[in-house]
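The same subunit A turns up in both complexes below, where it pairs with subunit B and then with subunit C.
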Partner chain A sequence: MTMFLIKKADVGKIAQELSREYEVYGPMIEKSSGQTFFDRVEDLAEINLAAPIPSNPPKAVVFPQMERILAYEYDRTKNAVKMEPDYRVVPKALVGLRPCDLAGMLCLDRFFMGQEFVDEVYLNHRKKMFIVTNTCITPFKQCFCVCTDSGPAAKEGYDLNLTDLGGEFLVEVGSEKGAALAAKLGLAPAGDPHLALKNEKVDKSIAMFEDIAVDSKAWISRVMNRVTTGFAKEEVWEYIGDQCFECGACTFVCPSCSCFNIADVSNPECAGCADRLRTWDSCSYEGYSRMAGGHNPRKPVEDRRNKRFFCKLSYSQMKKYLRPGCVGCGRCAWVCPGDIGLPNVVTYVRREITR
Partner chain B sequence: MNQKPGVCTFCGTGCGHFIGTENNRVTRVYPSQNHPVSKGRLCVRGWNIHELLDTPERIKKPLVRADGGYTESSYEDAVARLVENLKKYPPESIGFLASPRSSNEEQYLLMKLARAAFRTNNISLDSDSGHRASLNVLHAGTGMAGMLGSIEEIRKAEFILVAGIDITRQNPIIGSEIHMAARAGAMVVTLDSRRTQIAKLSKKFLQVNPGANKLAILALARTINDENLSDAAFMSAHTEGFDTFRHAFGLLPDNEVSDKTGIPAEEIKAVARDLAKAKSAMVFFSSGISGLDEDTIGYIYNLFLMAGKIGREGCGVNPVAGLNNLQGGYDMGLAPDLLTGFQPLADEAVAKKFAAEWKADVPSAPGTPVYESLSNPSSKLKALVVVDHDEGIVRYADAIRNLDFVAYIGAFKNPFADFAHVVLPIATYVQEDATFTNTERRIQLSMKKIEPEEGLLPGWKLYTMIAGKAGQAWTYAKVADVMEEIARLTPPYAGVSHAKLSSGFGMQWPVNEKNPKGTGRFDVAKAGRKLSFYKVSDVFEVPSAKEQYPFLLMVGKAQHFWHQNNLMKKTHIPMREYNATLMDYPDGYVEICPQSAKEIGVRDRWPVRVVSPHGEMRVAARVSDDVRPNTAYAPYFVQEMISRFLLGHTEVLKQGEDATIPVRIEKV
Partner chain C sequence: MSQTLNIQNGKIVTVPEVATIEEIRDEIREVKTFYLSIDNKEIWNNFKYRSGQFIMCTIFGAGEFAVSLPPSPENDRFHITVRTVGKVTSALHALKPGDKVGLRGPFGNGFPFDEFKGKNLVYVAGGIGLIPLRSSIVHALQYKKDFGRVLVLHGARTPDDLMYKENLKEWQGFDGFETYITVDVPTPDWKGETGFVHTLFDKANLPIENTIAFVCGPPVMFNTVIGELMKRGLSDENIYSTLERHMKCGVGKCQHCAVGRTLVCTDGPVYTYRQIKTLGEEI
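Now for the complex of A and B:
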């Protein structure tokens, strides 16, 4: 593997170079609130590699909350339909992606593009992308990627991977695109001692989870077995379901959740014209799983919750993603009005096992 | 980065969010992590507000009625038409129906327009009097016409009573705070006739007979009295007038408690002891369109006063406003008898202060709430101005059709506009800076996020234009100037300005010299007065089912949707969720328990006829364990038919949440 070094003061050059060819996205701190967002960067100086894990999942770049994917016009007199797909094929660079979020995006890749049917809209967002990951040398309060094998350092899927070694960043190259950029920047080569230092930093970070990542502890492996085989007791799901407010937040914030809704919105100013919107959706909503004819296979709310956790924690889903669906970012615990983020659910299912 | 902070404008919780835009259109929403109220959470409505804010279902051009249809017009002409028509009538024949969704600035200017320019006090909020009832009680008792507690302090309460409100549906993020408090160990008790989600999440659930809330509260208060559990030191130091309440204790013989309330007497006593024992306690009840009646609220307030649970940390008597700026509406004087900040219109010094600021006399002739006029066949009302009507249906449609002139002002399309002779569009709340006051008195500034469509005016500019045409020169250069005027006239808002609100997460009134950063909770130590017990009635008409009408029908809200809310209908996902219910029950439903269903001989989704002394409706049965035998529940917004059926029961709509209708339910 090729490795380079870049001085802390120079790390901004990576985004600068990328901005010539790509629309740049990265972590920034919103001033009025102190909240981190992973968003389109207008001022490159705003990228903050030390910012805590972004509050929003970077999946929004490839899978926006609401996007127009098609415009159509029906001409009644000619009985003709005009359809215009609306894909934004713009090269995008993600700078400073956290490892868990990259793992989430890889799950989405497998969902949207890795099966029989390839999702054109997603593909068009995702192709021509440059990814720069950022190793977490300290975890954050709600993190548990060590339990889901998705951090605190990225292993695959990046073009460049950055690790803060103190005065400089280690730059690991993960692709030809990455190598080309490193060459263009004329970076100094790094050697084994630097890699050893990185590994030390990662081990230290893992050791810090005990004290820092206190909000979330999710021992996932035992629970996976239970969830997959359906042995988790019904009362546990009921206990969880009673606490669900059906807000949809856990799905929206999850870097690997892919539920969406399609809505055609007619234009009151143009008869026969409509926009087709794709919006985030959630399996926690009653209307989501409803089938035509009034049969809803997942009517009671505890069943709908069950589906989400099944999605995140079962082996069968793992086969699809080639990894657990949960990447340990802890966001769902943050936003859940019912206090049933994934770590708590894991605790409840485990409690049942140990009992 | 394209994330602009703002406030969710669906319900009175006032959660913080960020709105993202692209090409001058709203494309997304995200919760605000550090917001003191919502702390990173939103409910299903809040998570989908971008769908509403991007709807094409907007009013974009002024319209005037001509030849049975509408023709597009200019603001200039439409406003001229409006003013000309209103000026035709004496003040008592003009009415203004204001919106509990408009910003404080817009509400204030509409109030000023009605009074200063058109000289009428016929102005009221387009929602029921429920919240006013709460404010009356709290204002009389403590001087504070708003929630006494603070949402941020919920987790400091050791005891929380949730009385007759489906709070995880109506104001979900407040419900979430209560749930979190319960998980941290608080004794949460739900008093309701229906097993709501919060009932399931509570430590104790008192399933009260429909219509017997007041009696249950009285039983709690009496236990505290009989067992000497009241906070005697607090009572003597801080309260007065206990004698006006004490007499009520004799009205409920011990042996009738469980019979009339449906709750075992011992359970009530245990809850009274929990309340007395707790160091801090809060109560939440519904305010707004289906809130409790004033007398019941008086009982609740008195109970908490006896227990010494007012004005201290973690305490509060907390009416919950269902609509985002309902509290602001009363703060802005949208009532025939009020000016801003709950200052009585009848107070001459107050009226003088306003007259000096407005350079126009404040009319002194008493006004009438608009709905009261509409329901009165001999009313003098002839011309009506309506702003941003909220309900998806129009009540008193016949009376409105009979008016000489109707003007509709709003941002979104609405069925009320079909009754109008002049329709005037205004910008949405993300197209101009605007402040809203949530249910805990938090005034929050939501900054402009996108430009209004070409030529479209924000509300404050339109009102200024109307005033100008009516002969009043208003000189606001920007919307922040309006708040400055409000601050000059309104003691609780004295220290408020847009500049001060532009950072942080809003301020809770009163904001004044003594409390420059606002006031989280009512504080008995700073009250400067004694708290008085509220004078309650001793009338307890517990409705009882009769042979002919063996069911007590409760009416209320359900999830995702309030009273056919006009805004929700312009979203995709919340609307789909609403439709999901309708697919199962296309004609609406009445909820009954399995035992009752068996007796009637119906199953889930079978049609039934609901018959009352005043009318009947045909709906589906929804069989559920959440109600008890011989009680039934109908969410009144689910079908227009249900709304119409209920309109025949005006006295019920007045009573609000505790109201019941004795009915017979038959198989068809």
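Now for the complex of A and C:
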């Protein structure tokens, strides 16, 4: 694998070079709240590679919270229909993506583009993209990527991967696009000692999970088995369901949740005109499975919570993502008002806690 | 705009194709049949579907809904039969011949007809449950020599609620094709059977050996009929039904139609009763 070095003071040149061709997205610390957000970057100097894991995953870049996928006009008097799908391919560069978030995006890729049908809307968002990942040399409080095989260093799917070695970053090339950019920047080559140093940093990071990543501990593999085989007790799901407020927050912050709703929003001035909007949806909502006429086969909330954890933790779902659906970012534990983030659920299922 | 991916495996995936309503027929109260054809001739000529599949139908300005395909895949006039339930279906009912709608699909698995060769086919339909079974019935009628006995048992609330009345009459005339009809509540001039649909089983001398049953109807009827079929010795893997779920995309992405560990739009809508039992959810 080709590797280079870039001085810390120069690392901003990567985003600068990319900004000539791409819309740049990256982690930035919001001054008022002190929180990190992953968003469109206006001022490249704001990209902060040392910032903690962003509060939001980069999901919205490829799967916006709300988007128009189609606009149509039906003129009944002329009996003519005009239909315009709303696909735009905008080149986007994601700079400073955390490994768990890249893994989440790979889940989305496989789900939207690798199944029986290819989702053209997603495909167009994903088409022209440049990804620069950033190794987590120290974990954050809520992380458990080591349990879900998604960190603390990215293994695949990036164009360039950065690792903080102290005074400089190791730049690993993961694609031809990445190699071309490295060549353009005229980076100094790196060698085996640098790779050894990176591996040392990664090992150290893994060792730190015990002390630093204290909010979330998840014994994933054993629980995956139980969830897949339906061996988890009904009473455990009921207990989990009891604590769910059906707010949907866990879904919206999850890098791999992909459910959406579709609605035609009509134009009051034109009876046959509408925008077809696709919006994020959550399996926690009661309306999610309700059918026309009001019949709802999944009325009890525990049935719907069961669906979420099946999505994140079953081998059957792994077949769609080619990895576990949970990437260990810990965000759901962060936001859940009911205290049933994924790590807690794993504990409940593992220990068969029912009350 | 790239159009190349809008048709995948012969299915219209994202952007609907414009279709014209050629004719509208009243079926029963709140139910109408709409005869349709896709305007783009090339796409229309390549539009192939299987019994048991469904399409997504856009009513411009109102929205989109899932609907079964009642015509046989061969030599039958293309149509959908729709009951007014809410916003979108009511908007369809307000349309006139010549008006336009949008179509996506066909989606779903369909009935595995190759596995049914040489067997008796028993169709048990309650009310508008006859809609998703019609395609398969007409197919069986067109290929009658491939099958043993073919029976249609149809129950409705009142004589006015009997679906596809003209078809039922026509089917009765076919050699070796047996139709049995009953209503829950007779009218004074009703001369036929009275009672729930499973009460026809004895009269029909229902075959059990080498038999496939198709059951479709409201949940109460479904459960009673399945119970009675199993009591008579039909195995759960030989009982087929089609499930209905809230659907948005039709192509396995929105996950609204998830049932148990499956998605009705891609793994269904046709399931055997053996599969339905493992879903662990209400019907």
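We adopt the following convention: the second predicted complex is superposed on the first by the 344 of 355 C-alpha atoms of A that agree within 3 Å, B and C clash if a C-alpha of one lies under 4 Å from a C-alpha of the other, contacts with A are read in each partner's own complex, and residues count from 1 in each chain.
Heads up, the rule we're going with is that contacts are C-beta pairs under 8 Å (C-beta built on N, C-alpha and C of every residue); 3 or more make two chains touch, one makes a residue touch a chain.
From a predicted model like this one, the values you see are computed outputs, not experimental measurements.
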Problem set entry | Combined model on subunit A: subunit C and subunit B, fit or clash | fit
For this session: Would you please give the vertex angle at the Cα centre of subunit A, with arms pointing to the Cα centres of subunit B and subunit C, as a multiple of 10°?
Result: 80
For this session: Please indicate which partner A:Phe310 is in contact with in the superposed arrangement: first for subunit B, second for subunit C, both, or neither.
Result: second
For this session: Check the residue A:Asp281 against both partner chains and state whether it touches subunit B (first), subunit C (second), both, or neither.
Result: both
Exercise. Which partner does A:Lys78 contact after superposing on A: first (subunit B), second (subunit C), both, neither?
Worked result: neither
Exercise. So, does A:Gly338 touch the first partner subunit B, the second partner subunit C, both, or neither?
Worked result: first
Problem set entry | Contacts of A:Phe112 with subunit B and subunit C, given as first, second, both or neither | second
For this session: Check the residue A:Arg20 against both partner chains and state whether it touches subunit B (first), subunit C (second), both, or neither.
Result: neither
Exercise. Which partner does A:Asn261 contact after superposing on A: first (subunit B), second (subunit C), both, neither?
Worked result: both
For this session: Tell me which partner A:Glu67 touches in the superposition: subunit B (first), subunit C (second), both or neither.
Result: first
For this session: Considering only C-alpha atoms, give the closest distance between subunit B and subunit C in the superposition, rounded to the nearest Å.
Result: 9
Exercise. What part of subunit A is shared between its subunit B contacts and its subunit C contacts?
Worked result: 261, 263, 266, 281, 290
Exercise. For subunit C, which residues count as touching subunit A in their complex?
Worked result: 1-2, 5-6, 8-9, 11, 13-16, 18, 58, 60-65, 85-86, 89, 98-100, 102, 244-246, 248-249, 251-256, 258-259, 261, 266, 280-283
Exercise. Once bound in the complex, which stretches of subunit B touch subunit A?
Worked result: 1-3, 5, 16, 18, 20, 27-35, 40-44, 46-47, 50-51, 54-57, 168, 172-173, 175-176, 179-180, 183, 197, 200-201, 503, 559, 572-573, 576-577, 579-581, 583-584
Exercise. Given the complex with subunit C, which residues does subunit A contribute to the contact?
Worked result: 69-70, 72, 74, 76, 79, 81, 83-85, 87, 111-112, 115-121, 123-124, 230, 258-264, 266, 270-274, 281, 283, 288-293, 297-298, 303, 307, 310, 314, 316
Exercise. Which part of subunit A faces subunit B closely enough to touch in the complex?
Worked result: 28, 30, 32-35, 37, 39-42, 46, 55-56, 60, 64-67, 242-243, 245-249, 252, 261, 263, 265-269, 277, 279, 281, 285-287, 290, 294, 296, 334-339
